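In the two assemblies presented below, subunit A is common to both, partnered first by subunit B and then by subunit C.
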Partner chain A sequence: MTRRRLAAATAFLAVVALAALAPFLLGPYLVGVALDLLMWIALAESWILLSGMTGYISLGHAVFFGTGGYVMVLAWGVLPFWLVVPLGGLVAGLLALAIGYPCLRVRGPYFVILTFGVAEFAKFVVVAIEAGLGKAGRLMFGAPSLDELYFVMLALAAAAFVIADCVRRSRFGAGLRAIREDEDAAETIGVPTTRFKILAYTLSAIIPGMVGTVMVLRSTYFEPLQVFDPLISFTIVTMAIIGGSDGAPGPLMGAVFLVSLSELLWANLPEVYMILLGALLVGFVLGAPDGIHGWIRARLARRGA
Partner chain B sequence: MNLLELDAIEKRFGGVVAVQALSFAVATGEIVGIMGVNGAGKTTVFSLVAGNQRPSAGAIHFDGRRIDGLRPDAINRRGIARTFQIVRPFSGMSVVENVAIGAMYGAGRERSPSAATARARAILDEVGLADRAGDRAGALTLAGRKRLEIARALATAPRLLMLDEVLAGLTPVEVDEALAMLLALKRRHGLTLLVIEHVMRALMRLCERIIVLHHGEKIAEGAPDAVAADRRVIDAYLGEPAP
Partner chain C sequence: MDSLLSGQLLVATLVVGALYALVALGLNLIYGTMRLLNIAHGDLVMLGAYVSYWGFSLASVSPLVSMFVAMALSALLGMAIYVVLVRRALHSTALVARIEANSLLIFFGVSVILQNTAALLFTANPRAYAYLDQVIRIGDAAISANRLVVLVVALVVCVAAILYLRLSMTGLAIRALIQERDAARLAGIEPERIHLLSFALGFAMAALAGSLISMIQQVSPFMGFPFTIAAFVIIILGGLGNLMGSLIGGFLLAAIETYGVALTSASFRSILIYGVFIAVLVWRPQGLFGGARVAR
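Let's turn to the complex of A and B:
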């Protein structure tokens, strides 16, 4: 077991090292695609901390991405880049704490609807603030180069993966999964359910906040309707469902799969991409509810037995 | 010394009174039975003590400290565990994982998952589920799931263990085995037991004292023989004699 973990850790480091070579080997277009991929990996890995482990589906994770982006917009030119990235994570985490405290008291579909509602609410608050300030979209001058942003995003994606993996294996993660199985039984055997849910939600918001700070510089343009776009939330959920959300490998597989698919189809056949996406989602929910990762794991287990 | 004390506990659901003016105490090391017909309020008493529901009035003390109003996880950490009459295993997890999570939390709070798993295996051995450790909990038979309920509760290292109809549906031979197992667990883990049971004979053999509930009220309390001969208990079970 430990030997297998050592092998897995080595493979992980090798992949990260290989990814770090991308800016030296690839042209700017492909580095941009790789940056997008890393962004989705970081977002989806963070999302499973609450929603994969406990089954409390957050349909509004764009709010943390957007908040991070807005922090960068407000702090740009005032604070140095390297300071604003963690600051964006901190603000997103505090926002999750404030949202989670009331919202995580409701269960099931009500929680899902609440997260979506809160994200839309936050979006229009930012729109209103920007309108009040007389701004209609902002240009961000002097952003770091694509390569620099790429390295920051690689670090965030790697960190999100490691956090998800550690939580999945930890005592904390076992408590979260007990909540998913049966929340009443979990709290009756001593799992502090409310505290754990709020902690997982907060933890799941921090990296998306940091990702938002980076991506707003990548687009060099800030438009609230764009960074708070609900499609970001939906895409995260889709990746986690297709890849599997009960462990770190799932979201990684889902992100790689969907980003590749969109690269192949988006430019030439955008309608086909959306149709295929819908069909895939239905197919996975019905046929492989544990995603690609869950399906592979089940096959391996069957072969072992 | 009393481990558990209920003082004038009342539970109302809207206009329905589920438990009324209920007071009793359980001493350390005792085995106390709770019996009563369906709907008498037995399971509600467990839920009130374990914190799954809050009493509408009254006070509950455990080990001298007041616990009513605390969250279930906080009460469990103080050393009270319960099983559920309608079993609630973590069906998607393996049997050993179910028990290991109990060992990680509760009063025992094993910090490392591997130590928790080791303790879980020892407990599975005690309840006779060791050979099913790797199976999915959902795949167990009902008798197996009842044992899993006990194992998971026991893994939280309680001082007071509340068992809700863990013998129901077992054959007479299985009941004998289960009684022997419960007594062995009690001795080895230094438990105090509060037991709800419909299997009357089993309750009579297991308990030193029995409390009888009827319509949420205590109508009798005492040694098994005395309770069985009590006029009001017989009336509650068989109906009032015709006038």
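Let's turn to the complex of A and C:
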């Protein structure tokens, strides 16, 4: 087992090192695509910390992405870039802590629609604030170069993957998965369910907040309807479900798959891409609820037995 | 302040409220009988609206006629979705354990498919037609004839649906299934038949609302989403599975929206709706009228 872990860790480092070469080998367009891919990996890996492990599906993760973006907008020109990135994560984490307590008291469908409601509420509050300030979209001048943003995003995606993997293997992760299987039973055998859920929710918000700070600089302008777009939340969910949400490899596979599909179709046939996205989501929920990763694992286990 | 007491806002509240109630009633019927969260519900409103729009602009068919076509098509779509997708989920032990969350994902997929198919076929441009748009005065309130028609039809159908669910044998079976699943089964109610019927009824009511809305509002592929949200707010206000609560909740949300916007400004409309939504979910997830048991 330890040898397999060592091999996996080596492979992971090799992939990260290879990804770090991208800006030197690829043109700006492909680096942009790779940046998008890393963004989705970071977001989807963070999402499974709560939603994959406990089954409490968050349909509003765009709120953390958007919060990070807004922190960057407000701090731009005041604080240096490298300070605002962790600050965005901190603010998003605090926001999750604040909304986690009331939200995580309710279970099942209530939680899902509540997370969505909170995200939309935050979006319209920011829209109202911006309108009150008399700003209709802001331009961000002097953003770091694409390559710099790419390296920051690579670090975030790698961190999100490692965190998801470590949590999945830890006692904490075992507790979270016990909540998913039977919350009352988990509580009975001594899992501090409320504390674990809030901790997982907070943890799952920090990296998306940091990702938001980077992406707002990538697009060089800020429009609240865009960074708080519910489509971001839905895409995260779809990636994690298609890839598999019980372990770090799943969201990675889902993100690679959907970003490739989007590259093929989005520019010319956006409606077809969205229709396929919907069909894939329905198909995976009904036919392969453990996603691509779960399906591969089941196949391997069958061959091994 | 005078304007707040005028009939104008009251009329607006009634029209919006009747439409909201119609949409929410169908959503709640499907939730109540099967615990499914149909996040694609608003997209059926969109389908109904397109049927009436095309009927009127291609063949000058009155929306009051084409609404029956819209209802029939939507009911068929509902039954097809039930047979192809939902029955499988309800019968799978792995999926049924978290049926609400899973149904939400499935219907989100359905919603994306419906919206984008409409965008592909009809383009994303908003469309509208003029039908019965002369203005009628009642007391100090002015209302266009089409709004009056919308109000009357929506109200009649809501009341008829409630009466049907309260008085008819099938309606009683539906309500029995909502209140006591297992006991209803023991009493000889076939859940399968009721599920299919709930889908047909819920989908037809949403499409009817769409046909009506097309008379007074622009039609576009993405018009349904705000109705989905409103309907969710309403069934949570009125209580999940509480059908009468949906009717009251519809008018309540319409009043909050209309008067709230009149007191503040139109840009606060969404903040208001989501604010009510979050407040009710956090403080009274069992709905304002309590009573009904909540699966928490």
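Methods note: the second predicted complex is superposed on the first by the 305 of 305 C-alpha atoms of A that agree within 3 Å, B and C clash if a C-alpha of one lies under 4 Å from a C-alpha of the other, contacts with A are read in each partner's own complex, and residues count from 1 in each chain.
Definition applied: contacts are C-beta pairs under 8 Å (C-beta built on N, C-alpha and C of every residue); 3 or more make two chains touch, one makes a residue touch a chain.
Treat the numbers as computed from the prediction; the structure is a model and nothing was measured.
Residue contacts after overlaying the shared chain place A:Ala178 against subunit B, while subunit C stays out of touching range.
Judged by the touch definition given at the top, the superposed model places A:Val237 against subunit C, while subunit B stays out of reach. Judged by the number of subunit A residues each one touches, C leads among subunit B and subunit C.
In the superposition on chain A, A:Arg169 makes contact with subunit B only, not with subunit C. By the touch criterion stated above, A:Asp147 is placed in contact with neither subunit B nor subunit C. Looking at the shared chain after the overlay, A:Glu120 reaches subunit C, while subunit B stays out of its contact range. Residue contacts after overlaying the shared chain place A:Glu187 against subunit B, while subunit C stays out of touching range.
Contact residues of subunit C toward subunit A in the complex are 35, 37, 85, 88-89, 92, 94-95, 98, 100-102, 104-106, 108-113, 115-117, 119-120, 229, 232, 236, 240, 267-268, 270-271, 274-275, 277-278, 281-282, 285, 295-296. Of all residues in subunit A, only 55, 57, 59, 102-103, 105-110, 112-114, 117-118, 120-121, 124-125, 127-128, 131, 234, 237, 241, 270-272, 274-275, 277-282, 285-286, 289 touch subunit C in the complex they form. Contact residues of subunit A toward subunit B in the complex are 169-171, 174-175, 177-178, 180-182, 184-194. Considering their complex, residues 50, 52, 71-74, 76-77, 81-82, 84, 88-93, 97, 100-102, 104-107, 109, 111-113, 116, 152-153, 155-156 of subunit B touch subunit A.
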